[in-house]
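Note that chain A is present in both complexes that follow, paired respectively with chain B and with chain C.
Up next is the complex of A and B:
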């Protein structure tokens, strides 16, 4: 396959791989925790990009798949005694199934109406979980610390989960590349540019959109299981955090929607920024400002949409034909 | 008959845009569709390729009833069209635009085949030098050619052309007319909406005239141009059509 020789794929994979091995070399636990968040964001943002960047549908509530998958996997590990690996797969499939059912209903909506519906779904899922006794209701579930024993204790578990998130990030980036370069991807991009014209050309838009939605939901579900397994607790407030959806949008837009490399760079830059803002002790009139990273995220989103709507990678690609060849 | 339209009516709220239109089209012909602005020509196109569901009536394409099918199904049966107001996929390259036409058209081609077809079609319509550019960077005449290329790449049986000549300068018009002749020579049946009368009179085998949604005349260009009600509704001058035909011959 000629696609395997595309430098855009290898540049993207190499960046993710380099990020992933840094803590393995340094052995530093704090670096690992920072990069865990970066890799998690790469996986989530690249997944969202399949829907947002390729298909042109803005999902404001994409984190619902992270939360729901997390809940499904957490339940299986905690209550049914499953191993992490099968639980993570089932978590991904659960999210994919939800996307399939939702997609058939709400992908008929366009533009702002679809975006609003996705917010509604996130909030509805949160309300539903709060009312489900077997999922722990409003207080959620807590993992028995003994569970970590079978993974060689809590210390080793952290490395296992880290490796898992790194592998998923690499897989999502590959998926993102191959979707972009496929006939399916061409159909998605035709839908993004002009859905009515795409249908006139013969693109089976309802089916293509639903598949894109499902693909963009599966990996967030798996990542949700890994994340909450590591946390050891899951509760509705942390599983369905709407502002995380918005942070994901910022990452994709910052790096460049519709590019493979964009969400990777966007996730990296945003997480570094967020880390430094979280630790900065910003005061205004004697009051410490909480969650200042969200205010910055909002400003960033505004500036990107106003001045570089194609994001960093999109901007670079428009600069030279050489960059168009090597960056995807 | 490649296309049979029987009693097609399209009503929007209280407005009857197309009223009880019937006609047949045999393979290999070019049919002209003319009429004043707002006569329902584009609406009739939208009914034929199922962008709008018809209110009443029946449309048969190659022996199969197509009204009620989704637009993309109709496209895959081999019915392609261009839009009056061009609709390029702006952020894709010219080649990708045409590849999309080939991929999702009648033959369901793979990307590699689609790329080959796209290059052939782009050479045919004269856009080959621009293949790698973004569709948004083309000028109007080029975008019209892109619309045409995208429709042709689908390798359709029937091609609906909605004012592909509008907005072009005289040189561009005559080169586009030549292109349309060559398309017909490939065996593709064409229905074209056009306001440039000398072009439609010279290209068409038969002409349909719509006025206020109703079919007021049908026949050869000569017959239609001498039809009393067509002259009143649209042409205005009884000798105009004759002179237009003369003009083209010179």
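Up next is the complex of A and C:
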């Protein structure tokens, strides 16, 4: 019961909620598109944080769950004529199942070996999907435009998907908080600090790690279905984009790994920064900032890694005991 | 049937040696300092552009151009080490992974702005070499020979020169090496440079026979990961053999099934080896 009164939870939820209702109030479609990306990133980054921040396992290919869930849901909607809601749930379950099977195998690997294995799995999945005829092979699948009609047309559909992503983002943040505060979460953090010691203290590490992996995979699967339903097309290159996976790592690090609020701030700041760099007309030397946005983001990331390795929230928490109490 | 098989086997072995030295750069850095260099791919791409620019603008012979390109790779590596790696060398893996990844973002970002992403190729040919039923472009043979030469030079350097012994000592135990009076930070920087020099040379060799863009490095970076795991993380000899294995897979598998299945096979093999034998086929360092 006491957990519900923790200000850290409410601050985090309030921030996500405020972000989510801005376009509802202004009714602006372009704000909605920007904030759609922010909310999507919050959901994905907070999911990744459960594995990366709490458990200390670096998943470089986490986007595989986004892509696989997306493919599963898209197939059901496009080929089997399912409704978005059950398709999204099945997408999430598919990703969770993959994580369960994979987790039992690859979570035995530690450090660099695990990171490499997750990259391999993402690439293997991408290469496999390219070869699967029923999933459209290298060109992927395209949704019949008529499908949107049952959701009140394309305009209405965009709002429905937006609401869906907002709800998932809120759920992930709650999950992230309750995992952190639970005995299970303490076990995960013990694994992060020293896996062998944690086992000696009675944490069943293989089981705890697998659960963390599954939890961090389910919501990306659901978000994948929502995202690709909105796009109307899915193809292997966009579903299993390793680069996006690493962008998620950047968001988590930016905000602070292992904190509830960190991935939210990281996702927001990263997406807004990226958006403004992409549309800016400033010049740096002879080059337009717009053309070198990747390089600017890279420099920023490097500065954070080198000088504030605990991220923004970690840094704030180390500043004062009041902030330590209210920020989770 | 035997003829096609033999031809694809030769093709695979020749390109495999080049893959091998790319992977050797990655594995050398890991072996010495336990850092996986995620900027490996973009550095390979810089090697490609180095040879391309020297060849098309200054009229260098592409094989001669490898020398300045390798030297540039060495210097670049030393700079990257001091800017991005030195501070996080003892931090958890994630820090060094992300630090090198941010270097990769910087290189790709600037590279895309300067070179765009249109395909380039080094228009250089030495004719073909025929041996019985097998015909291969002579450039492939020369490239493989150059790669082997680089491997031999590296081996002799690490085995017999003073600096090479320093590198091995630091790889073995950094603290003890420091206590013995070896300037370990400088040796680490040099080792990083050695790894990136290998990457640029491999990139240059690839550029001589295949078209490329600034983003092509990513493909070879992933191949290098597969090779490094096949041969054992941190084991340079393993990298060469892993390269040959990967080359043969790429050469021979398309004879039996569609080319698009090759990456599936490669990555599944990669994950399986990590699971069953994470020390690689030949054993990791130590």
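Everything below uses one rule, namely that the second predicted complex is superposed on the first by the 311 of 328 C-alpha atoms of A that agree within 3 Å, B and C clash if a C-alpha of one lies under 4 Å from a C-alpha of the other, contacts with A are read in each partner's own complex, and residues count from 1 in each chain.
The rule is short, and it goes like this: contacts are C-beta pairs under 8 Å (C-beta built on N, C-alpha and C of every residue); 3 or more make two chains touch, one makes a residue touch a chain.
Bear in mind the structure is a predicted one, so any value in this text is a computation, not a measurement.
Novice: Quick check on the superposed pair: does A:76 touch chain B, chain C, both, or neither? Answer first, second, both or neither.
Specialist: It touches nothing on chain B or chain C.
Novice: More residues of chain A are touched by which chain, chain B or chain C?
Specialist: Residues of chain A touched, chain B against chain C: more for C.
Novice: Determine, under the contact definition given at the top, whether A:234 touches first (chain B), second (chain C), both, or neither.
Specialist: neither
Novice: Figure out whether A:204 sits in contact with chain B (first) or chain C (second), or with both, or with neither.
Specialist: first
Novice: Who does A:9 touch here: chain B (first), chain C (second), both, or neither?
Specialist: neither
Novice: Look at A:183 in the shared chain and tell me whether it touches chain B only, chain C only, both, or neither; answer first, second, both or neither.
Specialist: First partner only, chain B.
Novice: Is A:196 contacted by the first partner chain B, the second partner chain C, both or neither?
Specialist: First partner only.
Novice: For chain A, which residues lie in the overlap of the chain B contacts and the chain C contacts?
Specialist: The overlap between the chain B and chain C interfaces on chain A is empty, containing no residue.
Novice: Any idea which chain B residues touch chain A in the complex?
Specialist: On the chain B side, the touching residues are 49, 51, 70-72, 75-76, 80-81, 83, 87-92, 96, 99-101, 103-106, 110-111, 114, 150, 154.
Novice: So in the complex, which bits of chain C are touching chain A?
Specialist: 30, 34, 36, 83-84, 87-88, 91-95, 97-99, 101-110, 112-114, 222, 225-226, 229, 233, 258, 260-261, 263-264, 266-268, 270-271, 274-275, 278
Novice: Using the touch definition up top, name the residues of chain A that touch chain B in the complex.
Specialist: 182-183, 186-187, 189-190, 192-194, 196-205, 258
Novice: Would you tell me which residues of chain A are touching chain C in their complex?
Specialist: The contact residues of chain A facing chain C are 52, 56, 58, 60, 105-106, 108-109, 111-113, 115-117, 119-121, 123-124, 127-128, 130-131, 138, 246, 249-250, 253, 257, 287-288, 291-299, 301-302, 305-306, 309.
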